[in-house]
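Before anything else, here is the set of structures, which you'll find just below.
Next come two complexes built around chain A: one with chain B, the other with chain C.
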Partner chain A sequence: MTETVPVPGRWRYIVRRLLENVVSLAIVAALIFFAFRLIPGDPVAAFVDPLADPETKRALMVRFGLDRPVWEQYALYVKNVLTGDFGISFSTKRPVFMDIGPPFTNTLMLVVPVAVISYGLGSLLGFVFGYVGGRWDLYGSAVFLVLRSTPPFWVGLLLMMFLAYHLQWLPISGMRSSWTAEGSFVETFFSWDFVRHATLPVISGAIYFTGLPLLVARGSIRQVLGEDFIDLARAKGLSETALLFRHAARCALLPVVTQTSLFLGWAMGGLVTIEQVFSWPGLGRLLVAAAASSDYPVAMAALLLLAVIIMSLNLLTDVLYASLDPRTAS
Partner chain B sequence: MVTRRRWSRLVCSLVLAVLLVVSMSTVGMAAEPAADRLVPDILVLGPSPAWVTPQNEAMLALVAEMGKVGLKTTYEALPNWPAFVRRASSKPWKWGIAAGSFAGRPARLDPHEFLTTGLTQAYAGEGGTNFGGYANPKFQELAARQAEIMEPKARKALVFEAQKLVADDLYFQYQYNGRSLIGYNQQAWDNAVMTAGGNAFASITNMVSIIPKGADRTIKVGEIYRPRPLNPFNIPSAHEYFNLRLVYDTLAELSPAGVPEPWLARSWKMVDDTTIDVELREAHWHDGKPVTAEDVAFTFQMYQKHPPGYIKPGVDPVRSVVVTGPRSARFKLAKPFAPFIHFSFSGVLIVPRHVWDGVVEREKVKQPDEWATPNLTGSGPFKVVKVVPGEGYVYTANKTHYLKPPRADGLVYKGFANSEARFLALASGQIDFHTIAFYTLTADQAKEAKASPALKVVEARDIGGAWVTFNLREGSPFQDYALRRAVSHLIDRKKIVEDFALGLAEPGCSVIAPANAQWHNPAVRCPEHDPGKARQVLVDAGYQWDGKGRLYFPVNHKPTLYPSLKR
Partner chain C sequence: MPALRVALKLSGSREGGWLADVEPIGLVGIAMFCVLALVAILGPSLAPYTADEIIRLPDGRAARLLPPGPGHPFGTNGFGRDVFSQVILGSRGALVVGLAAAVSVVTVGMLMGLVAGYCRGIADTILMRATDIAYALPLEPAAIILLALTRPTVWTTTAAISLLAWRDVARVIRAQVLSTATQPFIKAARLAGAGHLRIMLRHILPNVLPLVLVYLPVSMGRAVLAEAAISFRGYGDPSVLTWGQMLQQAFMSGAARQAWWWILAPGLAINLAVISVFFASRSLERVVNPHVR
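And now, the complex of A and B:
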């Protein structure tokens, strides 16, 4: 009788989370801006000839507004970002979105298979390990913990050395050999050539990322297996397979799903080292190149994009949770 | 006997006692040098291990040696060139020694850049590359005069003198000049041509000369680089310049030894010190239109308005280009400029007027380098097929090129993110050539490459390298020549070359490196490694040490800034 109406409460919660995200994003944008201004180094020195005369450097500073006071640059940056103008790249002189677009797609084409494999395999193995327990669980989990602790760039280099160089089964690096020919999106990404190029980076990523969902799934299933309804299902005479996958796993999947949405945003930036090893023309490699050459507009826009993705996915998770479990909204 | 022995004993002990007292009093008399004469702590700027490994090790060794002669130092490791410039070239110039490196590249085969950018007053301001503020008026005059003498022999004498002067002043000295190892696939390609000045295989001369041995007639080049979009008005690095040079011709091209030879120009004639007449060959743009003197004049005007760093030295000296015929033009210079042919004719990419005239209005951009999808029609031996930022470039051979139609059918340029992948791609035949000398094979990679029958490894001697400079500005202890000399005696070039650079270097000294045989002055010497001499130099100049071994300036210290002026 004293219960509040749940629907407006949920809406209020969503609006509040949305506003919180906007504030966080503004803070992140400011941090990104000032972090780049704090990096030691003369930003123009990176993309003019090291021995260029001071006059040339000066002209570039003026052209990109770097001669103005930092607060003034910041005001302009805020104004431009709010109007969707990310400026032009210092090094390519093209609008930033032109430089970021294709690498973004390329990274996405790497992140999605990594996510599918590591979360599919991870949760499956997690359920099995959690269910069987004992020695299998101990050694199995340990193996994936070790893999989780191995630097992915090192694993990548080893795989490259053996599978691509010594055995010559797969190409050494790059995303496709077909880049030299004209090709549509479908021809590029849904071809055998792409699969061959993506295999090593995806394996390197999956080896690293499988550990986390595995442990989450394992913990979750153990908890679920202790519940009363499992005993009930057993008492009904269900087979163990049906019990595990039709009843227990479904309940235990929720924390894993939450994890997945967080992972997607996080991995967009987290695959930097793998992209660097395999010369994958993605966002991570762009980000490294832009940061190394003080290409502020590109680096800032790429980081902001990552921030937006991560926060949106966070928000989505929260909203989903609020719908599934109204207690979180109160 | 007994008394005599007693006497002698007494005398001996007396002598000893006197000696003891005297020696004790002299120790007491040689009081600690006055505290205000203490040589202050020295800030040493240099590369981090990740930036330039051998030089980092060389500097750590030097700093350790400096400690042994009583100099207290702090080594600040900088991660890259921009950080180095900001630290070494901004007020209040509080450092004592700065160690950086210059990249050799073909334009620098002419001695002008190295004699001016690191050493003259124009570059001594904040952000400039005359880091230590070298200002010897005698040198300044030599550096200016060598640029105005068009007659090579007379110029050479001045260039030699200038090199000697900097070395004698002990302002700037190379620790080592690099030796790069560059590989290519000799089973796939014949007749490779290596060019001087750091370009190694990244020259148009190599790309048009090489002959395919097998069925695959496409040259596959791989470099450590993230390919950017191409635009002749945006040239941020040597990679873009090389790729654009495949497509756009220059009036001249450097020979493998580094001498400008006619290319798009059939010939040129020096009318007087500031007038050059140029005759063009009968050439065509990739779209079939003829290349005219109008295009050449337009190119220089356009680049003077919008000069990328790589092109600027080539267009700055030009006052006007007058078209004197369909294929002839007259260049007027503002004043005599000796490196003109080198910088300008073999540096400036000639672009078609019918493509670039009015580009700013037509494409609605602020400057021509902002044209995001430029029409890349040139007149060069290769035509652009495809530019894929982040991945690479594809070219087809211009088999109807007027001068050097390539023997290959096409060229693919691929970017790699790291040295390992680039090497494995070469070793497994996925690419044929590494290009510029800057990205050498590591010693391990070279060993593996030499064992492979498919690969050939060649050595490129760098005309740049890793150097040290002293801060000569007010307040720096290195305003004194004796201190510079002492520290210079502590640089162990043999150890640097053998232990730190693992043989991939040669000992350096002169600002014009030995690999630049045309202009290097072999008489230039730097102080040899000899810690004993370092100490002696300081003693001779009146420097002192305290009980803890710290170094003090001489009494009434009058530093000698430039010994060459004193004589």
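And now, the complex of A and C:
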């Protein structure tokens, strides 16, 4: 690839995207910062627990520069965030990052399997539906369109009702059985007990999220199959399987890959409710609980953390795309 | 009136009118949506009970968790209320939030896409970075936090959903505007002395309007799902009965253990509402863009 594309052009593109993302991130931080100042009543309520004693309040006011002008406050906020200081949680009185770490891992343990299943299965089925066409394609994509119209938390409730309560095949809620002790990372997440607990939430998410990559992959493969190089490959006497998966699917995968960067943002929307249904101690649940109990430092940090991750993934996809298809960089 | 012209173009462009081009699936969607709209409008006169009327047993106790049967096709809930009536009355909230959010999302997205795609340069950069920023925040969590900070009503819910949901429409419309703007007839119009505003409104807008029409039902479906999620998490308007709120009550009272009807009915209603608009949008897509065959 380096022979065909002058390297400086690509690097310039990557650096430009990186800078753009830094600026966007600063704006996101500002939006979050100022949105939480709109809280009716106390403008410093986002940082200082209104119920704390006066001395703690004063200490926190100084720490976050709340006695200074708004712009200085924002600058200090950014500086604190960059050094990992998100403030003190009102409800647990611990540094916020300590409260966010474990739920973040727990959510990741749902998001990753959901992403793998929905994007793997979705693109595979999409390619097959788009290739065979006709009746299978019509009914197949209609089924997934219907599943995409279904609230994932409702699917979760139905699965829970049938598989957990009625048939009692799987546990009802939580992340591990009550009799198991909290162990190390490996003990917690690589155990049969965890897999059994994660099954229903993962299926509820995957059922909903498979639809989008499927429809994108289907549209994309149909376009690719109409191009000249496919006729050429067929004329060369390639088998239809090799044609579909070795030649057509590779080209058709690009739009699906672009979609993946947005997946986390969408998945968080779905997980806010799925985690509620299955009492999963994840980020979505923490976020809503923090908003409900007016634990603003936690809510702000969680939102900002998600924004950082989504934007980084977005950047990564752009860079990946630019190296897969050099035309985009110019 | 560009909109009228598009509608006329859609209806008279091919033999047999546009109905001949609509897939059966799309007709099903449109029919379902009409039924739903009727139910929402006629709600109170269709529902056998009011939303908070408690059904009494002959001995005076509340008829809690009656399974579906004569008189109560969807059974009663944990408070002794008729689930069938609640499902009927809940349609209004979903439809109002869905429609209002869809219209604002599509309007904002269309304007941003139009300006970004036509003006290019600095306007494009700013608007597209704004779109990136909107994509960086997850919709439902951000909306829930916003509603937790303000007071949830039907209109704040609509605003909270619309605040981020315009991003998809803006991106799609911008791409369409970009490709339309390079076509020869735009250059011809400019040579003929047409101003920028005129080119945007008279020449480009009619070409992106069909796409806007496709995105209207899609945005509505997404808004209905988002509203359901928000209400299910308990951040909907407490004074307006919605399907998401019904599911929240059912979940909180542990209905998953025995009262399947209390969970099945409202969820199915959400599902059918969203299916109807998604299917309808598919038929529009076919009419708008005949190449998709």
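FYI, the second predicted complex is superposed on the first by the 273 of 330 C-alpha atoms of A that agree within 3 Å, B and C clash if a C-alpha of one lies under 4 Å from a C-alpha of the other, contacts with A are read in each partner's own complex, and residues count from 1 in each chain.
Just so we're on the same page, a contact is a pair of C-beta atoms (placed from the backbone, for glycine too) under 8 Å apart; a residue touches a chain by one contact, two chains touch by 3 or more.
Keep in mind that this is a model prediction, so the values were computed, not measured.
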item: Partner chain(s) touched by A:161 [first = chain B, second = chain C, both, neither]; value: both
item: Which of chain B and chain C A:174 touches, first, second, both or neither; value: first
item: A:292 touches, of chain B and chain C: first, second, both or neither?; value: both
item: Touched partner set for A:205, first chain B, second chain C, both or neither; value: neither
item: Which of chain B and chain C A:277 touches, first, second, both or neither; value: both
item: Touching partner for A:126 - first (chain B), second (chain C), both, neither; value: neither
item: First, second, both or neither for A:87, with chain B first and chain C second; value: neither
item: Partner chain in contact with A:213 - chain B first, chain C second, else both or neither; value: neither
item: Partner chain(s) touched by A:99 [first = chain B, second = chain C, both, neither]; value: first
item: Shared chain A contacts, counted only where both chain B and chain C touch the same residue; value: 40, 157, 160-161, 165, 276-277, 292, 294
item: Residues of chain A touching chain C in the complex; value: 20-21, 23-25, 27-28, 31, 35-36, 38-40, 138, 142, 145-146, 148-151, 153-154, 157-158, 160-161, 165, 262, 264-266, 268-270, 272-273, 276-277, 284, 287-288, 291-292, 294, 299, 302-303, 306-307, 310-311, 314
item: Residue ranges of chain A touching chain B (in the complex, touch as defined); value: 40-43, 45-54, 56-57, 88, 91-95, 98-99, 102-103, 106, 157, 160-161, 164-165, 168, 171-175, 179-180, 182, 275-281, 285-286, 289, 292-294
item: Interface residues, chain C side, partner chain A - complex; value: 25, 129, 132-133, 135-142, 144-146, 148-150, 221, 225-226, 228-229, 232-234, 244, 247, 250-251, 256-257, 260, 263-264, 267, 270-271, 274-275, 278-279, 282
item: Residues of chain B defined as touching chain A within the complex; value: 78-83, 85-87, 102-103, 113, 117-118, 122-123, 125-129, 226, 228-229, 231, 234, 236-237, 307, 309-310, 312, 367, 369-370, 372, 385-386, 388-392, 394, 412, 414-418, 420-421, 424-425, 427-428, 430
